[in-house]
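Order as written gives the chain letters A, B, C and D; numbering starts at 1 within each chain.
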Amino acid sequence: MSAPTDQTGAGKPAATSIRYVDAINRALGDALAADPRVFCYGQDIGGTFGGAFKVTKGLVERFPGRVLNSPISEDAQTGVAIGAALGGMRPVIEYQFADFASIAFNQLVNQAATYFWRTGKSIPITMRFPAGGTPGGGPFHCQMPEAWLSHHPGLVVVAPATVADAYDMLRDAIACDDPVMFIEHKLLYSHLKAEFDPARAEHLPLGAAAVRREGHDVTLISYSGMVHECLRAAEQLAQEHGIECEVLDLRCLRPLDTGAILSSVAKTGRVLVATESWPFGGTAAEVLAVISTDGFRLLDAPPRRLCAQDTPIPYQVDLFHAHHPDAARIAAAALELAEF
Amino acid sequence: MSAPTDQTGAGKPAATSIRYVDAINRALGDALAADPRVFCYGQDIGGTFGGAFKVTKGLVERFPGRVLNSPISEDAQTGVAIGAALGGMRPVIEYQFADFASIAFNQLVNQAATYFWRTGKSIPITMRFPAGGTPGGGPFHCQMPEAWLSHHPGLVVVAPATVADAYDMLRDAIACDDPVMFIEHKLLYSHLKAEFDPARAEHLPLGAAAVRREGHDVTLISYSGMVHECLRAAEQLAQEHGIECEVLDLRCLRPLDTGAILSSVAKTGRVLVATESWPFGGTAAEVLAVISTDGFRLLDAPPRRLCAQDTPIPYQVDLFHAHHPDAARIAAAALELAEF
Amino acid sequence: MSAPTNAARLELLRWMIRARALDERLVALYRSGGIRGGSVFTGRGQEAFSAAGAMQLREGDVFAPLIRDSAGRLVRGETPLDALRVCLGRKTGVMRGRDGNIHRGTLGNGVIPMISHLGSTIGVIAGLLLAKRLRGERDAIGLVSIGDGGMNTGAFHEGFNVLAVERLPVVLMVADNQLSYSTFSDRSYACTNLVERAAGYGVRGHTCDGTDADACLTTLSEAAARVRAGEGPQMVVAKLLRLAGHGEHDDAAYVTADMKARFGDNVPLFEQKLQADGVLSADALATLWSTARADVATALTQAQSEPEPLPAQEDWSAYSVRDLLSFKAVL
Amino acid sequence: MSAPTNAARLELLRWMIRARALDERLVALYRSGGIRGGSVFTGRGQEAFSAAGAMQLREGDVFAPLIRDSAGRLVRGETPLDALRVCLGRKTGVMRGRDGNIHRGTLGNGVIPMISHLGSTIGVIAGLLLAKRLRGERDAIGLVSIGDGGMNTGAFHEGFNVLAVERLPVVLMVADNQLSYSTFSDRSYACTNLVERAAGYGVRGHTCDGTDADACLTTLSEAAARVRAGEGPQMVVAKLLRLAGHGEHDDAAYVTADMKARFGDNVPLFEQKLQADGVLSADALATLWSTARADVATALTQAQSEPEPLPAQEDWSAYSVRDLLSFKAVL
């Protein structure tokens, strides 16, 4: 993926332009200010440093004692979140990279996810996953975690693609009584900018997908960073081939907004799911499973997915760029679909 | 699931009848005898006890020093396997229950799975997962792990459903240069019996699916314990409705034998995937993704999946049985498909 | 370390007997096929240590028990009826049939229900105690159990280190019962006594003979007093023996005669000691047992008369917020 | 503990200088945009401890280095060219562009290439040493690194406990550089010195001043000797300071003046000591530096002239067995 520009039209001229990372920082600050139950816990967030991506910069100064450094202990960080939620708090945990949250797999899928069903007590925790590929990050600093967070029942998984969503969905996540896995794309942190009006009108509910561009020829389904590649591909296909793609940003990955998915497929009859994650059992596979079981008769062509290469994520920059779909590859696949 | 009887016809009258658990025990013993590089490491397997399910019973006496007890340390057990493989051995690890292998998630998907691609050195380890539901097991002793083992590239995932496969596939797994995740169904351990002829003819390759029953009306795809429910459902549909189901046992879940899947769908045009695992992003979702993208034109009806309820696995026995598909529910769904 | 009062000793014995009576009834039920599916797990041999720990707690304190804490759970206010409902999978039980046996518990009693994965409750109690600190509830303390096997999990290490770094008010009870399922201690750890791990976390360690109820009471009350005095986490290691299989499905044939010879049964030992001290008459002891058994019997009749959950009426959703399509933060 | 020979001291200094020269060149390369993507991670401030550890190893021994082991890697036989090829993502590098920077390594040099997840190599070296024992290769020992931050991972605990339970021949080097990224030690652990963790695993602990190269040599050679004598795992904790950001993207503004004042730079300190001892002339020192820098410069020119991998030619498969549809065990 290359550095995206926000084409989602979420900003309005009157507002100031801020980055995706600023939106998250602001959401955290506003949540801390609004609710004494909120606190932050994570590696390197509790000092002047402000975290590996400076997402929490300035918060410890404003909210002393409520932004805490943890040891390198992702399992315990997650246990602490669950326990604090049981104790009436609304913890927000930062994993330093989504890749390291693999250490917390058990606490997430077996403790956080099962708690409500087993005991009737809900667990309002927000877990923040700085995720996704950046050039030179290599196999262990580029992963997307949504597939392994979504299989076990009990976790809500969301992945904002826009500046406004980064703010709104984080506020929603913190307000939600269930455990919310909040996936932030590291490439968007400073590359995505948009005008942001804190006093703007209503936003979408947490579980809703958003149509980022309307079209009637092919539906492009994606989320997180890949939404911007889809928008570029759509623009290119419109310009060069007069093909109108509908770009659907899933926003919430578990549960899926199956209504929005099927509505768009009903309109276009052709669908491509693009993710930067691995194909096998990924969110793209689940979306295809939903479409093929519940939207079979809506389809005019076989649905397709475009995912990452089925290997670890390479360090070297050219290999890295070849590892996941980009606008050009999405456009090529969508063109084939449109011409099917 | 109720106690299965082997209807796969894998046994021959001349041979002696053994249980699924005996086949695994025998494969371990034969592998230890045949190859000095093989050793076993796991909780409670190194004493007279023989492991929580007695799978390794008698082996420590026959192979002293090569069947070792580990502490309750699934992460380290996995690290030990990887290191021992680097040191030229072919370790076979027992996790006490598949559910506890969640602790080893990171070592499996980030260390074992990436090693070959990163370094060119393959990692011949066999990890044994006693898996699947048994009445009264509850949320943490009944899980199937294939979904979270399959998403990251690099692990081979297999799940034998028959006595012969339990033996053959374990021997294949130990011989395989890549990390093999060997999923054993706990309900089959002592309930599944079949005649087993050690001198029998050729067996299927590790990666191949097996047609357990031929049919031309509906394809039932499954693996592990659920194969036996599908066979029962097929029998019932044949008897009661004259509907002939083809029962495909996937055997190897990663990679999938897509050729066998598509061949069967080509024959029937109707497909139901049945698993006792959760639906979201599970192996059933991946199979549906493969069928809908690569076999779309073969389908005469929307493909379907029948998976577990989307909650943790209940303790109480009636709830437990209602949590996952059984022959009756599979038959009902297949009938709908056949009549579509 | 002051000697425990006779009142405290008698209270402890009462809890031990109640726990033993409950466990023995569960075992009988299992053997007679009265438990559908699954196994039964008991705390026999570990009653004194478990109950003496829980006796240090007050209203508002929290306890994270494990497999062998049938006694401590009772002390915290769980009734035999509560326990039996869960083991029998009753809809009326606190787990509503969804989870069973030792996974039972409710924050209403100040008990964190365990998941099976050993070690993973340690981080949870750290979070719960941190929450209390952040909310200004300064009086509450925590008590958390682990075994000689569970001490070697990564989750234990990460969680206990957080408790230590945050200096949270907690007593860690390590029940070193010589066995991790069938595995002997020499395959679980290489130090002489697990209390040697305390210093590495920067916490104070204590040891006691887990078969000696008086020693358990004395040691655990000192540890709890130090926690309440603001000295931070305390680790108490008791040596004892699991006087049962891992669960009732396990005949524990691997336990050696030597191991059995080295460890007595804490319940009769304490009964004899209290009688020798003139604190307990034979009649009073008999009454303790008959009351405990009668209570369990009544509870069992009650639990068995209650309904199991019906699959068709089950609410099959793992989420408390049912409709995220209409969910937004109210800002 | 016998004092190191002057020959060993000079050899150590040579490795330290070679490592520093390599690291400095990498930093310059990063600053001038010569690294495509990613960051650069160095071992500045930790050369003595790292190299002194690796100097204890012989052919057949194994080393599991971490982030700060640029010096130890060189001792094990990695050349500056090897390092630069990987950092520059060259196809010719041992990682073929697939992985980068500190994840480099090859068993050919007796080095286990790390994954990023801290602590997870400890279990791996346990397995490797166990394999050697099972194969009857009784002479080999292992050396494994961890930091003050990584000590608190569950993976470390589980892996090190296995090393101890199996009494495998290994030296654990704990580089306590006061920092886990930006986090100060008091948020990582609550004991006074991490060596207090040794006893809990049943292993012997050693400490040394990591800024004093002689002390590193003496302490690590004693530890290695004990391992070779069959005494089982040894833990050596060095106190020192990371003299750089976590990586070169990090300006390390959080490091306090007090911390900087407390720890010297091991390289000039050792240079001065050797000169004061009359073991090293000013000329010889200058030659050490110029040779080291020239070697790095030559290696850099070479590496830069070599090809990067081409995506179209990449073999995109994570499996060594390509066709499981025809794979069967040959029995």
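Going forward, a contact is a pair of C-beta atoms (placed from the backbone, for glycine too) under 8 Å apart; a residue touches a chain by one contact, two chains touch by 3 or more.
On a predicted model such as this, the values are computed, not experimentally measured, just so you know.
J.: Tell me which has more C-beta contacts between its two chains, B-C or A-C.
T.: A-C
J.: Where centres are the averaged C-alpha coordinates, which chain has the largest centre distance to chain C?
T.: It is D.
J.: Calculate how many whole Å lie between the centre of chain A and the centre of chain D, each centre taken as the average of the chain's C-alpha atoms.
T.: Chain centroid spacing, chain A to chain D, equals 36 Å.
J.: For chain C and chain D, what's the span in angstrom between their mean Cα positions?
T.: Computed value for the inter-centroid distance: 44 Å.
J.: On a C-alpha centroid basis, what's the spacing between chain A and chain C, in Å?
T.: Spacing between the chain centres: roughly 41 Å.
J.: On chain C, where are the residues touching two or more other chains?
T.: 95, 98-99, 103, 115-117, 152-155, 158, 161, 165, 187-189, 317-318
J.: Pull out every residue in chain B that's touching 2 or more other chains.
T.: Where chain B meets two or more other chains at a single residue, that happens at 70-71, 73, 75, 99, 102-103, 106, 110, 113-114, 117-118, 139-140, 153-154, 310-312.
J.: If you look only at chain C, which of its residues touch chain B in the complex?
T.: Within the complex, chain C touches chain B at residues 35-39, 89, 95, 97-101, 103, 115-119, 149-150, 152-155, 180-184, 187-189, 253-254, 308-312, 314, 316-318.
J.: Touching residues of chain B toward chain D in the complex: what are they?
T.: 30, 34, 39, 65-66, 70-71, 73-89, 91, 106-107, 110-111, 113-114, 116-122, 153-154, 156, 168, 171-172, 174-178, 203, 205-208, 252, 255, 257, 259
J.: For chain C, which residues count as touching chain D in their complex?
T.: 152-158, 161, 164-165, 167, 186-192, 194, 196-203, 232
J.: Under the touch definition given earlier, write down the residues of chain A that touch chain B in their complex.
T.: 99, 102-103, 105-106, 109-110, 113-114, 117-118, 139-140, 147-148, 150-154, 254, 278-286, 288-289, 291-294, 296-297, 299, 301-305, 310-312
J.: Could you pull out which chain B residues touch chain C in their complex?
T.: Per the stated touch rule, the residues are 43-44, 46-49, 52, 69-73, 75, 96, 99-100, 102-103, 134-141, 309-312, 314-322.
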